[in-house]
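One chain, subunit A, links the two complexes that follow: it is found with subunit B in the first and with subunit C in the second.
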Partner chain A sequence: MTWYRTVAVGRKEFIQIWRDPRSLMIALFMPIMQMALIGYGVSLDIKHIPVCAFDRESSQESQALLKRFQASEYFNVLRVVDTYRAVAEGVDAGACKLAIVIPSDFSERLRDSSGTTVQAIVDGTDDNSANVAIGYAQAVVSGYSNDVQLDWMRRQGLGQQATVPLRVESRVWFNEDLQSKAFIIPGVVALVMALIGALLSSLTIAREWERGTMEQLISTPVTASEIMVGKLLPYFLIGLVDAALCVTIAVFWFAVPFRGTLGTLLFTTTLFLAVVLGVGYIISVLTRSQLGASQIALIVTLLPTTLLGGFSFPIDQMPAAVRMITYIVYGRYYVSILKAIFLKGAGLSALAPSVLALALYAALIAVLATRAFRKTLD
Partner chain B sequence: MEDAGPSVAVENLVKRFGDFTAVDHVSFAAARGEIMGFLGPNGAGKSTIIRMLCGLLRPTEGRAFVAGLDVAQEAETVRQRIGYMSQKFSLYNDLSVVENLRFFGGMYGVKGAELRQQSEWAVELAGLRGHEGGITGELSSAWKQRLALGCAVLHHPPILFLDEPTSGVDPISRRQFWELIHQMAASGVTVFVSTHYMDEAEYCHRLALIHRGRLVALGTPTELKRHALRGGLLLVECAPLGEALEVLAQAPGVLEVAVFGNALHVVVHEVAPAIDALPRLLIARGLGCTRIEAIMPSLEDIFVQQIGAQAARAEAVS
Partner chain C sequence: MLGRIRHMIIKEFLQMRRDRHARFRLLVPPLIQMLIYGYAATFEVYHVSTVVLDLDHTQESRDLVSRFAGSGRFIVQAALSDRRQLIDTIDRGDATVALHIDAGFAELLRKGEGAPLQVILDGTNSNTALIALGYINQIATRFARDYQTDRLSRRRPALVALLPEVRLEQRPWYNPDLNSRWFFVPGVVGSLTMVVVVNLTAFAVVREREIGTLEQIMVTPLRPAELIAGKTIPFFIVGLVEAALITLVGVWWFQVPFQGSVLVLLLGTSLFLLSMLGVGLLISTLCSTQQQAFASNFFFMSPAFLLSGFAFPISSMPAFLQWLTYIDPLRYFLIILRGTFLKGVGLGVLWPQMLAMAVLGATLLTISVLRFRKSLD
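Then we have the complex of A and B:
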């Protein structure tokens, strides 16, 4: 490999990207759009759950409980109904995800401390939201229950001792506010980088075949690895610019904390780009058509990274067999690296296993990519 | 540069694509500074031969030596010593003239001050002065061809392969292009040119007639004309052509008759008696004969005759 031929290929490729509006769009606007779309689209936070309330008593106490639901940011009491049928209709139509039914002897049984129950009807079609809604509803109700109990004890003259004997003080590390976006957005950055990298490099070799320039190119003494390195060089630089764009959007738009160092980010991103660009390049060599190559690149990166990369579904909770498969999904390493850099401020030593895996992957892809391309028309 | 031995030598070269034999046992050799033309219709195998010589296709059988090197063994070294212009224009349309020159200069390892000097030279050679910054895709096809030639010779290769370099180019530009080729040959470059233009074939030092993958005839244009035809060639102007053709084809001493424009080309054993006998025969049959004379055969005559002879041989074998 000689540097001047590699640089000449790189310079040519860069000029071509620069003069091709389509490539520029993919390179610079797509990551911004994807960050916005996926960033907003996949938020798992459940807030303002629509609630319908059937208050069979309408007492001061039952109203106080409903006010607590309304006051919570997780619920939005949309309608108050007065028949059981209306409750059923509200849930059937999907207007309410949760219905609260307060019994007619609510205040009476609260006062004589025999204990009472509040019925919660949950739309279970989305089990995740349903679980979260039940959890929040229980929290609201038990908060109210505690206050009623303390109030009762005080009135019994047990004022000072009236405390709850045992409770958990939880403190969350790394994502203090337990915001799902802090957890999701670093994964979105990884996904966008995987997509853009593979898409861009999947066009390089296919473009030469489609435009009929390959024959002249391979009639010169340029070697296969010079073509590969030279062609991927400008895309590598674009990939770094894209990474900077994505991280900037994550930090300044989605307000995800960035606690790591830029050095760690640069190093790991370089490794990941090597893998992603190499994969796109191999696809390009094998398909020889820009459309076919870009579609394969899309499928090969998008599906495994979203489904198996730990981007949306935690890898720890997958069945053992599926978990084994995730080890070949290179996206998973970068997803976990980015989460750790963003939220934990992890350095290279803490990231060693994932970084090593990526490095091995990069080496393997480099070998395959160099071998894939043959300078022949056969 | 080793002067000994031919610049390019080909022995029993065969290329098959599946069941189709594109090149069928072709052998020839070319000396330094020679312009060798491959003449034949589209699909005859000219491009396939050139691509094998450039190391772009692997021969199925046989061997090819370019600049003394076995192409199958040392393709990369061979590529450094050749220039190649493919049949379809294949420079980068979205690059400017100078950017294309710099790029291909870089591919051949021409760098720095030498690259600038060579690019200047190629711009001058291609007559592209004043268009250096122009986008290649916007050039006329004649300019594109000359730029492609410029890119192919930036590194001063001793051997040049031009695959139908003048297709789609106007006649005046074609002439200029051939002048360039002759200049290069004069400076010692061996040039291989494929073409299906018969008039261009006359510019070549030596011609290889190729038909259906086979080398039908090989020689200088004059040699081909002198030896290929047994007997002589007559031009006969008569009417109506169709009937005259039938009559003459049956006449004694006539080997072959073919329509050429608004006249007939008649190949005969001996010229003098035929000039005497054939008009009388035509008039006797009530057909007009306005002119008959002996002419020098054109390459097209040779080609038609050689292909006919090959078909006859093939029939005799089977």
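Then we have the complex of A and C:
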């Protein structure tokens, strides 16, 4: 393998990309589009949940409870209705996601102290939003309940005991404000890399076969490994440029913290790119058809990376069988590396297991890729 | 005229049957996605890996810790012996939650001075952390309440029964167990129908153009309107079949309830397919090779999918993106799907979505048919 010939193949490939405006658009516009869409559109932060209230009592006590819902930034008490039917209609139409129903004996039972129950009807269609809404509602109601209790104890002359015995001091690390964008955006870098593998590098060899230029390439003195390295080189550079683009947008536009070092990021990105481009290349060699190659590549690289790589759905909450499968999804290693570099500032030693897994993958793919392509014409 | 359209449709179906790639496109990605969304896609938080540093070693502290283990949400992995270990575990990501109970916890509890339970959460996954924090607060509140009642019953037993309390009874409608599968599977009907129909329609025309067979069709007595009908009706049928199949898998295999009327869903699906056929045709007029069609498909589907509310709630998006979602046909279809599957609502509730899809579908089809006829001339 000589450097001179490898670079020549690389230059040819680069010129080909440069003169094809669509490839160029995929290479440069797509990362920006993905970043903007996901950065703005993908959020699990839930605030201002539309609430409708059905207060069957309208007492001072029930109003005080509803005021607490109104005061919370998580709820937005849209309307106060006076029939159960109206509650059902509001939830059916999706106009309110949560309905608070206060019973007609609310204050009475609160006074005679058998304890009273407030109903929270939640639209469970979106189970995650419902769960979060219930959590917030629970907090509002138990806060109210606590205050009522303390007040009562003071009135009973139990003032010295009218205290909250336990308090939770929670500290959130790495993503202090629990913003979902800080959790999602670092993973977009992996997504974009996987896309380049799927939409660009998977075409390189297949295109030559389809256009009939493979014969010309084979008749030149370049060796098989020179073709491979030369052809992947431009995509590798594009991948790095895209990664830089994504990281810049993430840090400077979306203000996601970047606590690690650029060196670690560069090293791990190189490894992941090697894997993704290698896989694209192998697919390209095996299918010899551009369309087939890009479709297979999309299924093999992009789909698993987004769905099983821990990009949005947490791996540790998946069923055990699926969790085992995720170990062969190479995207998962890079996604976890990215999140750790961005948010935790992790260095290579902390990332060792994932980096090792990626390195093994890269080695394996390199061996397979060099074997996949033979300079023959059958 | 009907005869010619019929022949055209037969030709398209034959072509689909004999095209290895089209078969692959039709079967494999839907199957994979169906399985992943049915089994793996969840934001639920069930087993939060937790470590405990209990420096108090009292009955009270042990009681508190055992409540975490007993809640079914937390998996208490290890009992640590010093703070350093705790920090390491969180740093390495081996645990999501660390509970730290300092020496003197029970003492402060007895005095009623607000004994602190220190909680450290790995916020990397903001959603998991947020839900876990909610559970932690619930467990702590219940512990405090029980402790309070306990203390009161020892000093003034007569008063315990009188202690006022407000409880919240949660009633999730439509999805009582808050099962993620019930949320995702109806959505998959929409997203997969979109992928399959747009792909097929776009490729059907572009392929003929690329191979040069479009010219052969032009010299037949087929009129442009008939050609368009022949190029859309088959995929309309495929779309309906695909939607029906996924719905059946969802109901029979994944046990997602179907509460509404099949006719409402059929109407919704048909209206949705109009938009998708329109988009497919439009892409085919913009592209001259299948490769370009593939890339264009991606550029359409990626935003259509992300902005539809499939996984991420539209109400959490910034205002300008929320506006953009109004031109996304999938957004309306998902509301109809979830409405018919889970809520069992009918046209009385869903008519705005039907209307919006009808308008979008008519507009998209008109534009694409006009462009398509022009591209034939």
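What we mean here is this: the second predicted complex is superposed on the first by the 342 of 378 C-alpha atoms of A that agree within 3 Å, B and C clash if a C-alpha of one lies under 4 Å from a C-alpha of the other, contacts with A are read in each partner's own complex, and residues count from 1 in each chain.
By our rule, a residue touches a chain if its C-beta (ideal position, glycine included) is under 8 Å from a C-beta of that chain, and two chains touch if they have at least 3 such contacts.
Computed from a predicted structure; not experimentally measured.
By the touch criterion defined above, A:333 lies against neither subunit B nor subunit C after alignment on the C-alpha atoms of chain A.
After overlaying the two complexes on the shared chain, residue contacts for A:117 are found with subunit C alone; subunit B is out of touch.
In the superposed pair of complexes, A:8 makes contact with subunit B only, with no contact to subunit C.
When the shared chain is aligned, subunit C comes close enough to touch A:322, but subunit B does not. In the superposition on chain A, contact is made by A:217 with subunit B only, not with subunit C.
After superposition on the shared chain, subunit A has more residues touched by C, the comparison being subunit B against subunit C. In the superposition on chain A, A:74 contacts neither subunit B nor subunit C.
Contact with subunit B, but none with subunit C, is seen for A:19 once the two complexes are overlaid on the shared chain. Overlaid on A, the two complexes show subunit B and subunit C touching no common residue of subunit A. Subunit A makes touch with subunit C in their complex at residues 22, 26, 30, 33-34, 37-38, 40-48, 50, 65, 91-94, 110-111, 113, 115-132, 134-139, 141-142, 144-146, 148-149, 152-153, 156, 158, 160-161, 163-176, 178-180, 182-183, 199, 203, 289-292, 294-295, 298-299, 303, 307-308, 312-314, 316-319, 321-322, 336, 339-340, 343-344, 346, 350. The part of subunit A that touches subunit B in the complex is made up of residues 2, 4-5, 7-9, 11-12, 15-16, 19-20, 211-223, 375-378.
On the side of subunit B, the complex with subunit A involves touching residues 51, 54-58, 75-76, 79-80, 82, 84-86, 88-95, 99, 102-109, 111, 148, 151. Here subunit C touches subunit A in the complex through residues 21, 24-25, 28-29, 32-33, 36-37, 39-47, 49, 64, 90-93, 96, 109, 112-131, 133-138, 140-141, 143-144, 147-148, 151-152, 155-156, 159, 161-176, 178-180, 182-183, 290-292, 294-295, 298-299, 302-303, 306-307, 311-313, 315-318, 321, 335, 338, 342-343, 345, 349, going by the rule given at the top.
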